[in-house]
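A, B, C and D label the chains in the order they appear, each numbered from 1.
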Amino acid sequence: MASRVLVAGASGYTGALAARLVERHPELDLAYVTSRSDVGLRLSDLYPRHRVDRVLEELDLDRHADVDAAIVAYPHGAAAETVAQLRARGVPVVDLSADFRLRDVGVYEEWYVEHPAPELVAEAVYGLPELHRPELEGATLVANPGCYPTATLLALAPLARAGLIADVVVDAKSGVSGAGRRATQTTHFVEADENVTPYGVGRHRHMPEIDQELAALGAAVTTVFTPHLMPLDQGELVSCYVTLRDGGAASDLRALYEDAYAGEPFVELADRPPGVRDVRDTNLARILPVADERTGKAFVFCAIDNLWKGASSQAVQNLNLMLGLPETLGLEA
Amino acid sequence: MASRVLVAGASGYTGALAARLVERHPELDLAYVTSRSDVGLRLSDLYPRHRVDRVLEELDLDRHADVDAAIVAYPHGAAAETVAQLRARGVPVVDLSADFRLRDVGVYEEWYVEHPAPELVAEAVYGLPELHRPELEGATLVANPGCYPTATLLALAPLARAGLIADVVVDAKSGVSGAGRRATQTTHFVEADENVTPYGVGRHRHMPEIDQELAALGAAVTTVFTPHLMPLDQGELVSCYVTLRDGGAASDLRALYEDAYAGEPFVELADRPPGVRDVRDTNLARILPVADERTGKAFVFCAIDNLWKGASSQAVQNLNLMLGLPETLGLEA
Amino acid sequence: MASRVLVAGASGYTGALAARLVERHPELDLAYVTSRSDVGLRLSDLYPRHRVDRVLEELDLDRHADVDAAIVAYPHGAAAETVAQLRARGVPVVDLSADFRLRDVGVYEEWYVEHPAPELVAEAVYGLPELHRPELEGATLVANPGCYPTATLLALAPLARAGLIADVVVDAKSGVSGAGRRATQTTHFVEADENVTPYGVGRHRHMPEIDQELAALGAAVTTVFTPHLMPLDQGELVSCYVTLRDGGAASDLRALYEDAYAGEPFVELADRPPGVRDVRDTNLARILPVADERTGKAFVFCAIDNLWKGASSQAVQNLNLMLGLPETLGLEA
Amino acid sequence: MASRVLVAGASGYTGALAARLVERHPELDLAYVTSRSDVGLRLSDLYPRHRVDRVLEELDLDRHADVDAAIVAYPHGAAAETVAQLRARGVPVVDLSADFRLRDVGVYEEWYVEHPAPELVAEAVYGLPELHRPELEGATLVANPGCYPTATLLALAPLARAGLIADVVVDAKSGVSGAGRRATQTTHFVEADENVTPYGVGRHRHMPEIDQELAALGAAVTTVFTPHLMPLDQGELVSCYVTLRDGGAASDLRALYEDAYAGEPFVELADRPPGVRDVRDTNLARILPVADERTGKAFVFCAIDNLWKGASSQAVQNLNLMLGLPETLGLEA
């Protein structure tokens, strides 16, 4: 029998896509869709393209906690309390916010706000299956990674594990959906169109998340990370420029990546520079590692769809692992 | 000596562009820029591309009315009161809103709101120089036309004057800047990008304005008019499909337009279908009339830049006429 | 056992998408992919996004005709000969070109070229399932409709059948993929971006196709039809403005469409103006009929994805009907 | 009396824009426009937006060398011969190609082709006025820089001169016009739209040009440089990540740039991250230097319009210097 899933925060871009993916998943049932701002509206009116003909309700844990799992798509800070309530009722949760991604509560509070539920941090597993698959199987609380950390960590993990990263610059480019559904000057068509702009220079919140996970892989670096807003809706590319440690054998780079990702269902090694269009509307990461003879550095490019592998489809991949379902179910390209 | 001009409402798209055009105009001085919502900000921070390094002030008519003319770029309903105060102090005004475009206050109130200054309607001249040049010379209150009426009337005026229009369908396409600077779901990049949508179907406020002016030219028709939002920032195309009155000599169509627009500095007759890119950042209207042998109808296509000829540069063209300056001054492509 | 399908001309936009849809179809096997220009290349290198990892071969009917059906995606004029050869070997064919769409060879030759296989015209069924379903079941040669006729006929069929169309203007807007994969000045990014342009004014080849089918439904009209190129990749909107015959009861318009399309799996009646984004990457047509009180006309808007319902997914829908498979198989959104 | 200028190669993007800028320049006369591929066409038909109503001729040096200066906008390799012929007749030339940018003919031949006119290399001045103004005044042969070197060198020159660059990564983003007017799969709208892709990875021809000029400023580095194609028409952003030499005082970074560019008419120091929209259709470079406390590196972002400061308007700036005209003439924003 299919597992029943609540999607809380289904009126935002990532919540709505999660609802769509759950509804069409062969072993999941979309039990409820809730929203804090759009109660009473039909999801199919907000997002005709998703064709999820369900009415958004106000979250009522007395009624909505009778589910087998939940995806929470709230902003950071707002998510933790609801996650805690769901966990208190025994509901396994995938949290799309940043609230449980950082192992160190002090670091979280430095970059975000006072942590609303620090007692749950130890329970949370960082939901990047390619790095944490064993812990994700049967996990009860999964912190779904940020879109930039997803692409960056998939790009750098093989080098990090091999102890090869001396220094790294990550220049990231994202479509406007990464800024969320809220209408602002930044997301106004006339500002984003025919434009490209760096943002969060020197202080983007995905930095500690990237560094935490690289350190866990053995690479204690302070990553240079600068995102740029680009005039497209979905898609994200990270361009990583790695200064290799002495002895770094750039010539074996391709083999290193082939070994690292052999059998990974959602990682593709490309022969040519990947474009974000190549992975649109998929759970795939498409990666090209390049050993640069001119400078001796390694370049790694990784393209994902920020709303899919960078958020909602990765949440379903995590849900599959938590519930003991085949990892690729409902996510085939 | 250059005439001093106040631009009120300079933080919106059309007001900001008007400020830029005034500042670089050889015979105009930008006296003040005011804003209702962004007082204290530099216009060059809001719009680096315009390079108008001036601080937005709150409008204070005791200080700001010592000018030779004003451009008011407020929303309809809000404009009329300020226009009236400026007129009471003797300041000639170009009003970018709809408040003084309709000759019939009843029609205005049917489509908009209760008229805040009906006593001024008689003074106002409809600011489409190609139709109303003599009245605009020396006028003291000019109602700058809407962007759609500008393109539509330039497309249809020769046929209307010749009494040839039996019925007309106008299908209009506009870039997102036409929706203004306010951030809404409609103007969100992710909604407008890779999309095209009709809006205002059957009830767009530019309809009575179009019909009023066509009637003044002798064509008493109820125009079918449907605008569509397109994924581009600036630019507007109207495609007009005209059923001709019996006796309509479609074969003379080109000559009719050449006669009508001979000597017009801002109207171009094209040999091929005009694209909005052809007129970007100019005060030009580019028109192609086509006599369709298959159906016997006349097709007329007209491309303008909705922010320029559809709003701010046309305001400067009107200002030139009001102040006795050469009509093309400051507007050369 | 799955039916084996040849896709000839798989390196173009519509052929490549057809190959992808066939490959993932639960009851179809992609037997061969052939190309006239890209023999030896992998389809997955030309189109990483489709993930069809197959090598393009030169068409060799001695080897490739051992299939249960073929989709031919050649340009008009070039298709008919290959279609004829496949039919001579007994292979059922869906032809994406215009070669068998027009019942009258004289009309075809007036708009296209000398017909290369006029003897097959009588065998061909016009592949718009919503109009010709019974004849498509078991058909051996299907002429897949053009993208514009697909959208226009779905928009107008209920009015045509009811005898209500006195006159009709169709203003169509299409993304650039409709111009095909060939690189030209028209499809150059810098020409299409931030632009919108009418084309084929007065003489687009989809006109006789639209008029033929409207006449078959009882509406003997000469349709005004003007397409416009828009800055987006996939998507098509037709805006139809219909002058109704006397007695046309505009008030019953919605009911007319609900009756006409009740049970149609790929037609959606919208409550609001449809956007092309609503139907991207689907076989759906999304339609809004509006009875306009101001003018007494009926407006009908129809959005499709020009590459899907306008070409390749409709080909699969036709293939399902030809082969006796459930019509929606492999096409669920 | 105005100087007469020949623009050779005026049918490409940069040549056409150069023709427009020359035609509207108060002290230049557009003497002839020539083309290798579009002889007989009107420039105003190829580019209605430029409104240069002139017929493209075949270059005939017996007739066309009676000018005071020439701008040659040919591809590399093809330019040198024509440049040599013009120089042989005494005509001062601004060459938009790469043919005379590299001081070392051996390096040129390694990255491009056999040099067609090596004897002229010594005469050529590298046309980045902010670095080479004194030599450009009165120069007879100017090698106009590539678009990427223009932005990169303006971004890095102050650090290079101060001896602060230990290592540098340049991640560049460009609009599609940078690929030129030729229609290719790369410039096809459907490939570039909703996409972002790295290209020229590890081997872009602008690398030796960047390194040559940095070395001339005292920074002997091998620059990491990777360009990316973005879905917009005009505009270029370089994001430079600089590892500083020991003793590099990042805190003085802003002052370093203010000193370096004080009085430069076409360099703007920004307070916020620059967007390419900020400099569209201008000869401006907009730069933000940032001292990054987290990593100790310096980040420098520079936005230009690749067709203007990256090519044609910089050519006019150079022409002004060569002919003894005020440097900013004809280039005011």
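The definition used in the following text is that a residue touches a chain if its C-beta (ideal position, glycine included) is under 8 Å from a C-beta of that chain, and two chains touch if they have at least 3 such contacts.
Only a predicted model underlies this, so the values are computations on that prediction, with no experimental measurement involved.
Participant: If you average the CA coordinates per chain, which chain's centre is most distant from that of subunit A?
Facilitator: B
Participant: Using the touch rule from the top, work out which pair, B-D or B-C, shares more C-beta pairs.
Facilitator: B-C
Participant: In whole angstrom, how far does the Cα centroid of subunit C sit from the Cα centroid of subunit D?
Facilitator: Each chain's C-alpha centroid was found; their separation is 46 Å.
Participant: Just curious, how far off is subunit C from subunit B if you go by their C-alpha centres, in Å?
Facilitator: Whole-Å distance between the two chain centres: 39.
Participant: Approximately how many whole Å separate the CA-defined centres of subunit B and subunit D?
Facilitator: 37
Participant: Which residues belonging to subunit C are in contact with no fewer than two other chains?
Facilitator: 193-194, 231-233, 274-275, 277, 280
Participant: Mind listing the subunit D positions that touch subunit B in their complex?
Facilitator: 45, 48-49, 51, 193-194, 270-272, 274-275, 277-281, 286, 333
Participant: What does subunit B use to touch subunit C in their complex?
Facilitator: Interface residues on subunit B, with respect to subunit C: 167, 169, 171, 173, 175, 191, 193-199, 201-203, 207, 222, 224, 226, 228, 230-235, 237, 239, 241, 243, 273-277, 280, 288, 290, 292-295, 297, 299, 301.
Participant: Quick one: in the complex, what on subunit C touches subunit D?
Facilitator: Interface residues on subunit C, with respect to subunit D: 13, 176-177, 181, 183-185, 187-190, 192-194, 231-233.
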